[in-house]
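Report on the structure given below.
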Amino acid sequence: MPLPEFNLYPDFNTVRLSHAYLNVSDLAASKAFYCDTLGLQITDESETHVYLRAMEERGHHCLVLQKSDAPGTVDAVGFKTYDEADLDRAEAWFQAQGRPTQWVIRPYQGRTLLTSDNLGIPLEFYHKMDRLPSIHQKYALYNGVKPLRIDHFNCFSPDVDASVAFYNSMGFRVTEYTEDEDSKRLWAAWMHRKGGVHDMAFTNGTGPRLHHVAFWVPTPLNIIDLLDLMATTGYVDNIERGPGRHGISNAFFLYVLDPDGHRIEIYCSDYQTVDPDLEPIKWDLTDPQRQTLWGAPAPKSWFEHGTRFTDAETRDSDIAASPIIAP
Amino acid sequence: MPLPEFNLYPDFNTVRLSHAYLNVSDLAASKAFYCDTLGLQITDESETHVYLRAMEERGHHCLVLQKSDAPGTVDAVGFKTYDEADLDRAEAWFQAQGRPTQWVIRPYQGRTLLTSDNLGIPLEFYHKMDRLPSIHQKYALYNGVKPLRIDHFNCFSPDVDASVAFYNSMGFRVTEYTEDEDSKRLWAAWMHRKGGVHDMAFTNGTGPRLHHVAFWVPTPLNIIDLLDLMATTGYVDNIERGPGRHGISNAFFLYVLDPDGHRIEIYCSDYQTVDPDLEPIKWDLTDPQRQTLWGAPAPKSWFEHGTRFTDAETRDSDIAASPIIAP
Amino acid sequence: MPLPEFNLYPDFNTVRLSHAYLNVSDLAASKAFYCDTLGLQITDESETHVYLRAMEERGHHCLVLQKSDAPGTVDAVGFKTYDEADLDRAEAWFQAQGRPTQWVIRPYQGRTLLTSDNLGIPLEFYHKMDRLPSIHQKYALYNGVKPLRIDHFNCFSPDVDASVAFYNSMGFRVTEYTEDEDSKRLWAAWMHRKGGVHDMAFTNGTGPRLHHVAFWVPTPLNIIDLLDLMATTGYVDNIERGPGRHGISNAFFLYVLDPDGHRIEIYCSDYQTVDPDLEPIKWDLTDPQRQTLWGAPAPKSWFEHGTRFTDAETRDSDIAASPIIAP
Amino acid sequence: MPLPEFNLYPDFNTVRLSHAYLNVSDLAASKAFYCDTLGLQITDESETHVYLRAMEERGHHCLVLQKSDAPGTVDAVGFKTYDEADLDRAEAWFQAQGRPTQWVIRPYQGRTLLTSDNLGIPLEFYHKMDRLPSIHQKYALYNGVKPLRIDHFNCFSPDVDASVAFYNSMGFRVTEYTEDEDSKRLWAAWMHRKGGVHDMAFTNGTGPRLHHVAFWVPTPLNIIDLLDLMATTGYVDNIERGPGRHGISNAFFLYVLDPDGHRIEIYCSDYQTVDPDLEPIKWDLTDPQRQTLWGAPAPKSWFEHGTRFTDAETRDSDIAASPIIAP
């Protein structure tokens, strides 16, 4: 199946990915990880919730930690629309796709549409979120890996072709992809709205499940600092993969696991993708450098472990997975 | 005069700044500077022209060096539109503003509209430019400061309020600005389309003149490498200002002069600005940290020297300039 | 006067510079500067003293802050000998030079010899200092500029030839020097024991006075981090010079002033000098790149301001100083 | 067996490691690797030899590539003495140990003593080597990983206790070591002369064999640059291990293999060890973080592959090796 043609004029305008709701077992342990170790800033907290933002963000939150009886699951991933009216256009579009929609109340957000994609990934869209004073020049607050902003979500999909078609209709554009030469099916795809390599990526596997949430940091040296810090503060077993450079996206990366198994990618150095005629880069499923440009293999857990979305049924992919070649 | 309200739906959609035409006296000397020292890549050259691109760019050129009897002048600055039809919409809009328009032939570009802004800065718009194979992972080609992409233009304007109003109508959004508290007039403004701090900036002064063209590089260490290289290869006098961090934009910067006096900024570490409701950051004209966060003053030349646009009459600003506080 | 021949076998063996005693007016303000901002670690403190070490040091202190009625002065600079017996050899040697010697009690140090050099700079020598557990892999403690170790002292001398001759007799070797071509006299010299460019340097000027104490940091990016931190936490006026690269020593540098005017250099990237036949590098007094390879001039204060040593009379140099060419 | 007491006054004074002779099959292929990729500078070459130095070295060579019928072997490793007379003292000392000695002619070196250590590793000592003009500020020459200087040798030894005793007698001091808690025998040791963590290290295994030669580079980012370069110029399979941080030495590292299988370590960020009372750091053989602080295991080849010394018989260690815990 060829890549769908990029949809220049989708029914509604999504600006960027925005935030995720992660269910956790122990808020104190999660705060130690996300605030003291990664360096995210708390914007509000209660006995059940911690709201976090990264250093250059002025929206209220990019991550919401929720104390839960189902730790290691994800309630939803959120996106910001360009205009208030895009919310209504989104509602109409999702209804036309046969997806459930409802207007929900979310603290610190304006009108919020809760829906789900073709696989059942819970999505929410808002236009307005409380704006906070900028802290990007309050350098005394920088800590940990010095996270600047949320960068993207990556999900397992049992049908990457279908996922790409769905998000392409929403105006997400493929920047890079892996194709299985035999089956002529997509193995993985990276899709963006905001002008980087991706806001959302899909990888073949049992899904839908969240593979990771990524944060952008200034330079590879911040990632080395985080490794040193985690390795000497009791988190050495939470370091899963990296550091390395992805062939796909060209980004310098590190993958770490939070106390409940949510995977976080620390990411920098991808490239600008705003040209609407930017050609997608195709990678061969048999090329190991697409995963790690420098050749080091990823651990098995990285291909298999993901976190489930609340209320989303998962199914296996019908393309056989191989740890050697996937994802 | 207050900042104009951001125009969410301009008449035509500009994706980003794209390229500039710099007139030079000696192509060999300019190539030594731009290719061997800065590290830009030649995509075509003749006895009269050199076309250059940066490492992650796939469009044919971001800089065109032209052998000229008027070295140290600039023929035009170029922008890319989202869609082919945006070119016709742009033509109509510029005509409605009373600006001259013509369709011109430019090598390696599709249909190209030549016009000018309210001050007479020659602007050209295109949608299609020849696309080249990607080289961002051909690391053997990286050289000099490892320039990744063109980032922005900065111009002297004798009436920054008028310049901001004009570009705001075109959908450029102000991210940061300096206001003169006494006159309530804008002293300087940074305006973007592509999701960084700016595609175009204006600073009070005799104009229109180009202050600089900027290139984005991976990290501050690449800028340190360039300083070491220039300092030991005969270019020490071409280092004008830096390295430092701007208060405005928060970027790490260096300013260097090419053999004909064109000023080039090497730039990294600004922030993402895609949120349409991102609040502009206001700086006070009396705050020296807006120029250099670390306090070091800029040299006098930096406030005074610029390069003229071909056929554009300049006039002095009616706000008094002071080397201490400007721009 | 030519450089003296390197003394391969001095009467006593000095391993390295070790520590300095800085008199300050307000211990709390000094702690905020040295600990919270620079990132040195407190190893002991009282109402009158704060002992500090850098991250890779296992000796008890490299800096002693002393509450004093004479803030901005320096009681002594300290050195470590190779062997216990070197202390007695040192006593004999200093007495033979006609210098005063006495054995003094210093907390956390073994037997300590207090003496002074030919200019009257108070020097102390010890062999044993309390050893502390290593913290160089306790990454959670790293802070500020991440100082790794004390690197060198730099002093104004009214007679650099005489200073060099004196320290050369002690086995300090010149690695780089500036000569006044007209007078054939040394303008400045860098002398080492420990295998870097210097443990001690002398610069022509009213002296003896301490010009600065330097700390070694991992990379230039740590210096950029410190600049961002100081610029946004009330220390912008304490940034005196830099960042830049010295021609002499090739080091990347920054000079900052503590709350009492003691000058601290943050320093990295010089080179290994252990070869006993390493040729000294000569710089011309008229070459501005010896000071800053990249060409930026140093501020006037940097040539004039120093801190006095307790009980050491100063005198002016008989070589005329010029802010343009010195030191 | 406890660590031997550090020998403060050895019979002769070795300044530092200096150079190695590597036998290769194809000088052109080796030059492509060492010069074009790593960035070492050629100081002389013929049809049979290539002499190389790193950027801050002023001695003529740190590596000699020799065209050979026995590629992948090592003729000798070289050391520099403090004084000319140390060569004669060394001759006497090695003879007293029952080791063979001879005076050999080596191009670009003064009087050179060829001998061997207790295991048969061929060692050569010299005091004078041709001195070349400095190039550390000729930044246009910097290339590849920007190697600054040779840092250390690392060898497999079938009896690390015996190797440590031998080099301790020569005045090499242990900075870090791994002990097998069960057998109370040394598993590995790092020993220095020049003031870093090591000039020579020994690891339990079939030996004597050279494990690697290491080069010092400015920052971890240079290592990342080398990885990107090797991964995209046909050397991806020559990347063996890293990047990472060693627990032992705290250094940031990368291991690569040259075209004949000689292993080269790229290394930075260890610490200063000049204090004669610096306490050796002990690591437990069961602690995986001693190898990689961040927890990633080394590949099997790294524990097994080494290069033989010409004419040196190897024997197996009598301590059982385990890929999990060694070395």
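Letters A, B, C and D name the chains as they come in the text, with residue numbers starting at 1 for each one.
What we mean here is this: a residue touches a chain if its C-beta (ideal position, glycine included) is under 8 Å from a C-beta of that chain, and two chains touch if they have at least 3 such contacts.
As the structure is a prediction and not an experimental result, all values here were calculated from the model.
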Pair sharing more residue contacts (C-beta pairs) when A-B is set against A-C: A-B
Chain whose Cα centroid lies at the greatest distance from that of chain B: D
Distance from the mean Cα position of chain C to that of chain B, given in whole angstrom: 44
Whole-Å separation of chain centres (CA-atom averages), chain A against chain B: 33
Computed distance of Cα centres, chain C from chain A, in Å: 50
Sequence positions of chain B contacting 2 or more other chains: 137, 219-221, 228, 231-232, 293
Contact footprint of chain C on chain D as seen in their complex: 8, 15-16, 56, 58-59, 80, 82-83, 128, 131, 134, 136-137, 148-149, 194-195, 218-221, 247, 250, 269, 271-272, 274-279, 281, 293
In the complex with chain D, residue positions of chain B that touch it: 137-140, 142, 219, 221, 225, 228-229, 231-233
Interfacial residue positions of chain A with respect to chain D in the complex: 219-221, 224, 227-228, 230-232, 236-237, 239, 243, 245, 252, 289, 293-296
